[in-house]
Amino acid sequence: MSDYRALGGVPFMPKPARPAPANTTGVVGWMRQNLFSSPSNALLTLVGAYIAYVTIMAILNWAVFNAVFEAESRRECLDLVGRAGACWPGVVAWSRQIMYGLYPADQIWRINMGFLTLILWVVPLWLPRVQSKVAIGLTAVLVYPFLASYWFLGGQAGFVWSVLIAASIACFVWVWATALLESFTGATFGRFVLTLLGVQHRSEQDQRRVLRAVAAAMLLVAYVAVSFWTLPFVPTTRWGGFFLTLVISGIGIAFSLPSGILLALGRRCDMPVIRIACVLFIELFRSVPLITILFMFNTMLPLFLPVGVEVNQLLRAIVAVCLFAAAYMAEVIRGGLQAIPRGQYEAASAMGLGFWQTTVLIIMPQALKIMIPTIVGNFIGLFKDTTLVSIIGLFDVLNMARAVGEDTRWLGLFIEPFFAVTVLYFICCFAMSQYSINLERKLDTGPGGRR
Amino acid sequence: MNRHLSILAAAAAVGIVGYAHDAQAQATLAQVKERGHLNCQVGLPTPGFYQLGDDGTWSGIDVDVCRAVSAAIFGDPDRIEYQSVTSAVRFTSLANGESDMLSRTTTWTAVRDTQLGLNFAGVNFYDGQGFLVPVDSGISSTLELDGATVCVLTGTTTELNLADYFRANNMSFTPVTNENVNVLVETYLGGGCDAYTNDKSGLAARRSAFPDPTAHVILPETISKEPLGPVVRQGDDAWANLVRWVLFGLIEAEELGVTAANVDEMLGSDNPNIKRLLGVEGNIGEGMGVANDFMVTVLKEIGNYGEMYERHVGENTPIGIPRAGTLNAQWFDGGLMYAMPFR
Amino acid sequence: MAITRDQKRPSAAPIWSFLNDATFRSIVYQLVTAASIILFFWWVIGNTTANMAQRNMSAGFDFLNVSAGFGISFTLIPYREGDSYLRVFQVGIANTLLVAIISIIFATVLGLFVGLARLSSNWLIRTLARSYVEVLRNTPLLLQIIAWFFGVFNLLPRPRDSIVWLDVFALNNRGFYMPAPLPEAGFNAVLLTLALAIVAAVYIRIWAKRRQDATGQIFPSLSVGAGLVFGLPLVVFLALGQPLSWEIPELRGFNFQGGLSVPPSFCALVIALSVYTSCFIAEIVRSGIQSVSRGQTEAAKSLNIKPNWTMRLIVLPQALRVIVPPLISQYLNVTKNSSLAIAIGFPDLVSVWMNTSLNQSGRAIPIVAMTMAFYCAASLFVSLLMNAYNRRILLKER
C-alpha cells in the first residue's frame, strides 16, 4: 500500500472483469462447449442420447412401469401383464432366503450381530485421532473371524475354540478401549492401564509384565463369559444367500493378503527351490479358470484326503477360493515390490536391517500403498467371482435366486430374481470401487506416493 | 520365510484333519443314531420332488422318503439335515460319507448301480421322458421332430436318451443344453427351441407355469424308462435294507388300506398282514435295527405311498400328474408299485 | 607360529556358528521345503489311490475311446453322437479357442473406442463411456452373460420371421446364419499366393528397416506390404475365374439349413465377454495414453516431426509399454472367462468336458487333469510371448 503512495500516483485498480460471453456460460454455454462443439460432436451427442434413452426406457418399462408389485403367485402376475413386466412379489417373498439362505428364521439376528460386530470393529479405522490403526486392522483380519465363526456356527465350543473366541472378544474390547482413549485423551491403552494401576514409573520390564497380566486377565474374564454363552448349532448346509457370498469372499479376501505377500516374497527370494515352488503354485492357479479349480476341489478333494475323512462342500469351495485368491494377490504384490527402487533395499541394508525388518518396515508399507487400488480391484474381482460357487451347487445368492423359480407358487420366476441380484452386486462393487478411488486420492499425498 | 509357510501348511493340515472324522468306521445306522439326525441329499429345488418353500423347508415325494426313514429311526420325521448339491457331485457326496442317502429323482441304471459304488434301494416314482411342443407347431408325434432344436437338461440320462432316440430313428437334432431348468424353459418359451424334453413328471409341472398353458402340448410318446428311487452307499447292506423296507412299507400300507388317519384303529386289525406291518406281530423292525412299530410312526407322520403321491405330485397339486392307469399305480390297478411281502 | 595362532583365535567361532551361515541356512530351508512338498504329494497320491480302490474308480484314460452318446449343440469340427469322448475333448477345445479369439478381437476394438471416448471432449460421450465402464465392470460377468442371452438373443424373432439381410445373412433366436464358402478347384492357388505375399511383405519390411538404418532412406514398407497381401491373392483369384462358391442358408423345416451358423448362446457369450473385457481394455488404453506426458508431443513438435510420425514413433511406443502387459493378461482372462459358457449352455471345454462328460462318465481325475492341462498350456504359451515382448520393450535400468 505505502509503496503505491510513495510513487505518488493513484493505486492501481484493475477494471472489473467483463462477464463471460453469453454463449459460454449457463446451461446453453455449457452444452455448446461440451456437447455441440462441432457437427460431428453434435451427431455423437444425439446418437449417444438416443442409445441411453432407449436402454434406460426398456429397463424401466419392464422393471417399473409394467411391473406387478402385489400378487399371490406367478400365475396371477402372468394373468395381469404376461411377460411384459416384472413380477416382484416373488422376489419379495423370497427376500429373506436371498439374503440369509436357509438359516433358521429365529437365529437370523446372529448373522446381523456378526456383521454388526465387524462394522464396529473397523469403525475406529475411520476415526481421525486413532493412532493404532494398523493393529486394529490386523486384529479385524486375524482375530475377528473366530468371533464371527461362533456367531454364525454356534454349537458346543471345544476348549481351543472357546479360547480363540475369548481372545476375539478381549480383542474387541481392546479395540474400542483404544479407540475411545486415543480419541479423547490421546494416550494409548497400555499407557492408560499403567497409569490406572499406578505403575507408570516402574522399569520397562515390570510394565511389560503388568501389561501381560492385564491381557491374561482380560482373556480369562472373556473365557468365563464365553463359557456361559451358548448359541444353537446351525450347520453350514443351512448357510446361504448373500450371507454365504459374503462369508466366502470375506474369507478369501482375508486369506489372500497375507498368503499373497508370502508367495510374492517367495517368488522373489534367491533360494531356487522355494522360488520354483512359489512360481509353480502361482502360475498353476492363475492359468486355470476359477470354475475349474472349484470343480477340481469339489470332485477331487475328497479323493485326496485319507479314506473316510470328509470335508464339507462349503469348506471345499472356501479352500479353492482362498488358493485362487492367494495366487492372484501374489502377482499384485509382486507388481508393488517391483516398483520399489533398489535404493530402498540398499539403504535398509546400509542401516543394518535384516531381511524381515527390511521387508516389514521399509518395503511392504511402500509396496502395499502403491498397490492399494489394484488390491481393492482384486477384492472386487474376487467378490464377483464368488458367483461361480453357484455352479458347483452352493446356495449362494445366485442359487438362492434360482430357487425362487423352483417354488411351485413362483414356478418359472427366473429373470426377476437374477435382476435383483445383479443390482445388489452392482451396488456393492460400485461402492467398493468408489471407495478405492477415494483411498487412492487420500494416500496420494507425498511425492513418493505419486506415480 | 519357508518356516512361516510350513507353519501355515501344518496349521491347514491340522485344521482339515481335526475337522475330519472317520466316516466309514461304523455302520451307517449306528452313525445316524449317534449323530442324532439323518443326512439326506436332495438336488437343487425341483417342484413336487424336492421343493424348497419360502419358509426354508423342504417338501416333496422324494423328501418324504427321507422323512419316512428319519421317522423309522428316530420316531420323528424332521431329524434331517438336507444337503442340496448339483447332480455332478451327487454320487461323490454319497460315496465319501457326506450324505447317508440320496433321494433326488435318480434313475436306476446298470452302470450307476454297479460301477459307482452305489446301491439303489427301490423305486418311488416311475417316470419316462417326453417332449413338450407348442400347439401351433402342428407336431403330433416325436417322429415329426427331425431337424428340430431340442432343449435338454445336461448331465442327466435325459440327454443320452434324447441322442439315442434320434439316432435310433435316423433323425437329426440340435440340442440346446443347460443345467438349469428355468433357463431351458425361458429359452423354449422365447422360441429358442422347437421342443423341450424332460421327464414327463416335470413337463406337466412346468407347463402349468407358462403364460398360456393351453398353447403347449405333451407329445404322447415316452422315449425312455426312468425308474427313480433312493440310493445308498454300497457296502452297508443293513442300511440299504432299512431304506428299502421303509419304502416297501409305504407301498404295502397303501395296498392294505392303512392311512395316516386310520393307523391307530388299524393297530387293532385282525389282518395278520397289517399286524406284521405295524409291528403288532413279528419282529421285522427289530431285525432292521429300529423299533418294531416303526411303520406306525412313519404312517402317522407321512401317510402311505398313495397319500404321499397325492400330496406332492397328484392331480390336486400344481404338478398335477394323474396316477390311475400309470406305472405308479398299485400292481392290482395295473401299475408297477409292488411291495415285497412283509413277513 | 604364535602370531598365527593368535590371529586364528578370534575367528574361531563356536561349533554352532554354521547355523548363522546364510548358505547353510538357505540349503536347510530349501531341503525342508522340498521334503515337505514331496511328502505332501506322496500323501495325496497315496490317499487318492486308496480312495479310488475303495470306490472301484479308475483313473485310466481308457474311457477316451468309449462312445460319448450325447449331442453337442455347436461344433466347429465334425462330431456325431456316436463319437468318442476324445472327440468331445477336441470339440470343447476348438469351441473355447473360437470364442476366445473372436471375443479378443471384438473386445480390443470396442475397448479402444471406449477408451478414446473416455478422453473425448464431448461431455455426454465422456459420461456415457464412463457409465458404460462403471456399470459393466461392477457386475459379475456370469450375470451379464445370462442377461445378454435372455435380454437380447432369446427375444429375437423365431425362424419364420427371421431378420434377413441381403438375402444371405439371417438372424433369429436360433442363431446367426451366414453363407459358407465352398472352395472349388484352384482355390488352393489363391491361398498359396496369400501365404507367399505375407512372407514377401515381412521380408520387405525387414529389408526396408535395414536400409533405413544404413542409409537413412525411407521405404513405404507398410503400404507396399498391404498392397501385396491384399492385391496379389485378389489378382490370382480373378485370374482363375473366381474359384469359390457360397452355400446360402435357406429356411427349410424347423429352421435355416445350410451355410454357416452360430447359436444364440455363442453370440451372447462372445458379446458379453467382449463388452465386459472392453471395459478393462478401455481403462488400460486410457491410462496408457495418459501416461505419455504432454512434453513428449510438444518436444516432437518443436523438433518439427510430422504429427503422424509423432504418434507412431514417439507416443505409441511409450504408450504401448504401459498398455501391452495388462492387455495380454486381459486376453488370458477372456480365455479363462469363456468357461462361464456353462451358464447358458454353450459347449465350451468346461461345459462339455468338465461338466457333461464328467457327469456322464464319472471319470473325475483324468477329465479334470486334462482340462487344467489345456488351460495351463494356453496360458504358458501366452506368458512366454508376453515375457519375450516385455523384455524387448523394458526400460533399461542400471
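Going by the order they are written in, the chains are A, B and C; count residues from 1 in each one.
The rule we apply is simple: a contact is a pair of C-beta atoms (placed from the backbone, for glycine too) under 8 Å apart; a residue touches a chain by one contact, two chains touch by 3 or more.
Predicted, not measured: the structure shown is a model, and the values here were computed from it.
With centres defined by CA atoms alone, the chain at the far end from subunit A is B.
Across the two interfaces under comparison, A-C and B-C, the one joined by more C-beta contacts turns out to be A-C.
Chain geometry summary: the mean Cα position of subunit A and that of subunit B are 41 Å apart.
One finds 29 Å separating the Cα centroids of subunit A and subunit C.
Per-chain CA centroids place subunit B at a distance of 43 Å from subunit C. Those residues of subunit B in touch with two or more other chains are numbered 1-2, 5, 88, 92, 96, 180, 183, 186.
For subunit C, residues that reach two or more other chains under the stated contact definition are 29-30, 33, 51, 54, 146, 150, 342-343, 355, 358, 364.
Subunit A has residues 271, 274, 295, 299, 302, 305-307, 391, 415 in contact with two or more other chains.
Residues 1-3, 5-6, 9, 87-88, 91-92, 95-96, 115-117, 146-149, 152, 154-156, 159-160, 162-164, 166-167, 173-180, 183, 186-187, 190-194 of subunit B touch subunit C in their complex. The touching residues of subunit C, when paired with subunit B in their complex, are 29-30, 32-33, 36, 40, 51, 54-57, 69-73, 81-82, 146, 150, 153-155, 157-158, 173-174, 252-255, 257, 263-265, 342-345, 347, 351, 355-356, 358-360, 362, 364.
Here subunit C touches subunit A in the complex through residues 26, 29-31, 33-34, 37, 44, 47-48, 50-52, 54, 120-125, 128, 134-135, 137-143, 146-147, 150, 332, 336-337, 339-340, 342-343, 350, 354-355, 358, 364-365, 368, 371-372, 375-376, 378-380, 383, going by the rule given at the top.
By the touch criterion given at the top, residues 74-75, 78, 82-83, 93-94, 96-97, 102-105, 235, 237-238, 259, 262, 265-266, 269, 271, 274, 295, 298-299, 302, 305-313, 315, 391-393, 395, 399, 402-403, 405-409, 411-412, 414-415 of subunit A touch subunit B in their complex. Residues 1-2, 4-5, 8, 16-17, 19-25, 44-48, 51-56, 81-86, 88-89, 92-93, 96-98, 180-183, 185-186, 189, 205-206, 208-211, 317-319 of subunit B touch subunit A in their complex.
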